[in-house]
Structures are given as structure tokens and as C-alpha cells.
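Going in written order, the chains are labelled A, B, C, D, E and F, and every chain counts its residues from 1.
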Amino acid sequence: MNERILAKDNLVLKRLFNLDTNTYMDGALDAKTKEMLGLVASMVLRCDDCIKYHLEKCFEKGTSTDEIMEIFSVANIVGGTIVIPHTRRALEYWDELIASKNI
Amino acid sequence: MNERILAKDNLVLKRLFNLDTNTYMDGALDAKTKEMLGLVASMVLRCDDCIKYHLEKCFEKGTSTDEIMEIFSVANIVGGTIVIPHTRRALEYWDELIASKNI
Amino acid sequence: MNERILAKDNLVLKRLFNLDTNTYMDGALDAKTKEMLGLVASMVLRCDDCIKYHLEKCFEKGTSTDEIMEIFSVANIVGGTIVIPHTRRALEYWDELIASKNI
Amino acid sequence: MNERILAKDNLVLKRLFNLDTNTYMDGALDAKTKEMLGLVASMVLRCDDCIKYHLEKCFEKGTSTDEIMEIFSVANIVGGTIVIPHTRRALEYWDELIASKNI
Amino acid sequence: MNERILAKDNLVLKRLFNLDTNTYMDGALDAKTKEMLGLVASMVLRCDDCIKYHLEKCFEKGTSTDEIMEIFSVANIVGGTIVIPHTRRALEYWDELIASKNI
Amino acid sequence: MNERILAKDNLVLKRLFNLDTNTYMDGALDAKTKEMLGLVASMVLRCDDCIKYHLEKCFEKGTSTDEIMEIFSVANIVGGTIVIPHTRRALEYWDELIASKNI
């Protein structure tokens, strides 16, 4: 679907998408840490699609399940119990990612 | 003021405050990383007092200014330009923290 | 799914879940009033799963449909028309709860 | 479903629904502009049902695809990348509205 | 300042203000309960001015400090630690209201 | 203060600020309409600094007080009564802008 947005050729959206990619590249902080930042931000803002995206990236960068659970705990403490339903779905997706690796 | 809340002896609030402290302790992720997670979460939720608190903790844990700027960039990309005014105040406070160290 | 989260044995999340349960127990305010508070908070924060949870609890505690509608009205006035779609789903679920009792 | 809410005869909700309709009528600003305002507000607040509603109204009022894309760009800049998933679904729905006209 | 808004004679805003007043009147739920609902909603949405307004109303309706603390605990559990700074200011204001009564 | 952020030379933030400026330029929608979109988005997200910024821009682009009041009404209906305190401050600032012109 991002292709469909890009196909409309809106310059602001194209550049924002580009910038989004640059944001998570290795810098003073490594890409893994930045993806963890993106994950916790997505959780407290309760955006399931964004959470999935950053979970995939965290998985690629070698984040462990214990680390993920600690990110979940920060998100739930800062954002409150309204984050719980998103945490459930996030863990379900994380478990799928782990399972996919073991196939 | 937290003492004033605690003085009212509400068990739920007392335990939540306690839990809040535990959340940012060294674990699978070190305390510095967790404070960075707390900072980015506070920024996208636009809570100036929370931002200040986590900036202090990040400062204590030895976060560099370049690292702080990259946390700010994640917060602004995920949360949008409404995060800019909070970023301004955050940077102003960070600069004060840095200046205080050099005295 | 909460069991799956608990199985990961993250202390902060376990305690938060525990605290969540304690929050809604009889105290200076009775459990019914607290569930109504939990419901209106979930509505303005627009968390459908949380709304369903508190509707069930309100139902168990004997909240009437007229009382539920007044909670909905507070949520919609405070939170605005973006709460309407959640109100629709909430009423649909409430009607199911009422219907289930009459079987 | 709005009928089901209205059937419960809660005066506050009835009047709010009424007021909601009045808000978008021609005035100092024309109805098309107001629907665009309703759309951008719904996007930054990330309410998919509200977005669909205002897309339909924008479509009826003759908003062009280029105009819609610029509303999307404002929403994504102000609200950040968490608006992207809603933008994807919004564009998909908009394309359906356009396609329906061409049948 | 509300007078200044009303003086501009915008029909939608006038009616919304009117409706706002009606929302908290005795009905299936009494006014005290409704003000508590308004308070918890304002807390999780983190609107200090709204919190003050509902604290005043809760005070007028005879809410006790223990009841207020339990409303605060629901707000902090549902909304997370970002509600803490607002809770501090709310308690400070509540203590002023209590003190003003004892003069 | 934006200069202070820019001085830190973070590429993502620099580009985002740049993009922000481009977003409100004349396009399929004229700059005045886009500033009105930015204003209503800032209001429902309750960012006072952002509201002031877009009020200034709306003022420069020749928006009338009646038009402003209708933007306020959309913001309050969509975002609810928690937008009222921001509306008060917005109107106060708007009146100052109008007064400054008449000197």
C-alpha cells in the first residue's frame, strides 16, 4: 500500500517516507537501539501496524525476547493499562516471528 | 509533591510509584537504554515533566548529546511536528544539564 | 493472551496486572463506581478492548442501561465525536450482554 | 448503529449528533472546506471510521485527489508516521470512492 | 474567557457549551458521580484546566479526599505514569479547596 | 529556539523542519486552506504553541474572525470539551493579532 501512496506523487509524503527510513539508520545510536525506541513510541501511541513493523526490525537486529519484554514493561508503565491489549497482540506477533525462525 | 501524594496513603498509587522505579533498573536492557526508552515515550506523549525527569536520568547514565538528538529525531518522526515545541524545551533543559556539569 | 504475557515472567508486567485488579476493588468508592470510572476513561482513550472489559464488569455490578448511556454521554462530550464509533461498538456489546442475561 | 444509540433516547447524545451535523454546514467557510477540516482532524486523531465518513463527504463536495493528498500530507507532518497506516487505509477507501463514480 | 468565546456568537460553540452543562446534571446517575466521571476522563486526557474544573465540582458535591485519591488511582492505572505530573497538580489544587473550606 | 535545535546539526530534524515549511505552500490547495488544516489539527492534538503558530499564519493569509470561529467549532466538536481551554487561549491570541493590526 505504501507504493500506492507513493504513486500519487505527493512530494511531502515521499520525502517523509524517505526521512522515516533514514531515522533508524546506525548513528550515535545503533540501529537496534533506534528500532527499540521506535517500538516503545509506537506502543504508547497504540499503533498496532507500527508496532508490528518495529517488532520485525527488532527481530532482524537480534533483539532477545527478554529485551522485548522489558520494552513492553516500559510502554505499559508509561502508557498505562490501555497499552495491555496492544501488548497482547505484540507478543503474539513476536512469538510468530520467533517461531518462523525455528522452521 | 510526590511525597504529598504518598502521604495520602493510597495503596495503588504507592505501588505504582514503586513499580515505576523498578521499571528502569538494569535487566536484560541496561538502565541507560531504558531511560532512553522512557524519554522517547514521554516525548511522543508530550509530557514535559516526564521528559525532564528522563533527561536527568539519561544525563546521569552518560548519554551523549548526539545520542539525545537521535532520540529527539525518532520522537519527532514518529509523533510529528506537534512534538517540536516539546523538543525545544527538552533541548533547552539538556543544555542546562550539560552546563551544570561544566561549572 | 494475558496468560501468555504472564508466562514470560516479567516482574513489572506481573505486578502491573496485579495492581490493575486491586484498583477496582471496593474502597472509599464501591466497585461499581470504579468500573464506571474505568469505562469512561477507556472510552475517551478509545480502547475498544478496555471498553468491553469494563462493560462486562459494569454489567456484573448491576449498572442499568440508562446509567451506561449517561456514561457514554460524558465520554462523548469530553472526548468529542471521535468517540462515536467506539460508542456504537460499546452499545452493540452492551446489548449483547443484556440479551445474554435474558436467555 | 447511530439509530440504535438514538433509540436509547439520551438527550445529550441526541443533541451532540445534531450539533455534529450542523458543524459542517455552509457558513463563513463552505461545507467542502469544513469537511476537509473534519478529515484532517480525524486523521491526526487516528479514527478510521471518522476518516471514512469525512472522505465520503469530501468526495460528495467535489474534492480532487490532489487536494486529498495534500490533506494527507498535512496530517502526516503534524501527526507523524503513526498516521501512515491510517493514510494507507484512507487512500484505499478514496480510490474505491473514485472507482465507484466511474462505473 | 468563555464569555469572550460566547460573544463571538458561533452557534455550534454556544450549543456545545450548553450541552456540556446539561451532561453533568442529575439523571440516572447523580451529579456527584458524573463529576467524578468528568474528572477521571480529564485526567487520562491530561487537561489541567478540565481537571481543576471537575475538582471544584466534585468538592461542591461533597466528594471526600479518599474518594478523590481512588479516582486518581484509576486515572494513573489506566493512563500510566504520564498522568503523575497532572495528579501532583490536581492534589495541590484539591488541598487548596479543602483548606479554603476550613477558613 | 529552533535555531538551537538546527545548530545541533541532526540531519533528520533539519529535513523534517524543512519539510514542515514545504507542507503549507500553495499547491492543489492554497496556503490559506492548508494553514486552516494545520490549525484544526493542532487544536484537536491540543498543542498551544502549534495553535499560535498557525493562527499567525492564518492571520497573514487573511482569514476572517468568523472563519476562525468555524475552525474552532470543528475542533471542539471533533475533539470534545477538552479542547475548550485551548480554544480560550487561541481566541485570546487571535484577538491580540487583530488588535495589533489596528494600531
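Here, a residue touches a chain if its C-beta (ideal position, glycine included) is under 8 Å from a C-beta of that chain, and two chains touch if they have at least 3 such contacts.
What you are looking at is a predicted structure, and each value in this text was computed from that prediction instead of being measured.
*Asks:* Looking at CA centres, what chain is most distant from subunit E?
*Replies:* Centre of mass proxy via C-alpha means gives A as farthest from subunit E.
*Asks:* Determine whether subunit B and subunit D, two copies of the same sequence, contact each other through the same residue numbers or different ones, counting it as same when over half of the numbers at the interface appear on both sides.
*Replies:* same
*Asks:* Taking each chain's centre as the mean of its CA atoms, which one is most distant from subunit D?
*Replies:* Measuring from the centre of subunit D, the most distant chain centre belongs to B.
*Asks:* By residue number, over half of the contact pairs should agree; on that basis which option among C-D, B-E or C-E is the same interface as D-F?
*Replies:* Equivalent chain pair to D-F in C-D, B-E or C-E: C-E.
*Asks:* In whole angstrom, how far does the Cα centroid of subunit A sit from the Cα centroid of subunit F?
*Replies:* 30
*Asks:* Suppose each chain is reduced to the average of its Cα coordinates; what separation in Å results between subunit A and subunit B?
*Replies:* Between these chains, centre-to-centre, one finds 20 Å.
*Asks:* I'd like to verify one number: the distance from the centre of subunit A to the centre of subunit C, where each centre is the average of its C-alpha atoms, in whole angstrom.
*Replies:* Centre separation, subunit A to subunit C: 28 Å.
*Asks:* For subunit C, give me the residues that contact two or more of the other chains.
*Replies:* Residues 12, 16, 19-20, 23, 42, 44-45, 50, 69-70, 73, 76-79, 81-82.
*Asks:* Can you name the residues of subunit F that touch subunit D in the complex?
*Replies:* Per the stated touch rule, the residues are 19-20, 23-24, 27-29, 33-34, 36-38, 40-45, 50, 64, 66-67, 69-71, 73-75, 77-79.
*Asks:* Using the touch definition up top, name the residues of subunit B that touch subunit C in the complex.
*Replies:* Residues of subunit B touching subunit C: 11-12, 15-16, 19, 22-23.
*Asks:* For the complex, give me every residue of subunit D touching subunit A.
*Replies:* 46, 65, 69-70, 72-73, 76-77, 81-82, 84-85, 87-88, 91-92, 95
*Asks:* Quick one: which bits of subunit E touch subunit A in the complex? Just the residue numbers, please.
*Replies:* Against subunit A, the touching part of subunit E is residues 44, 76-83.
*Asks:* Give the list of subunit C residues in touch with subunit A in this complex.
*Replies:* These residues of subunit C touch subunit A: 1-2, 4-5, 8, 10, 12-13, 16-17, 20, 42, 45, 47-50.
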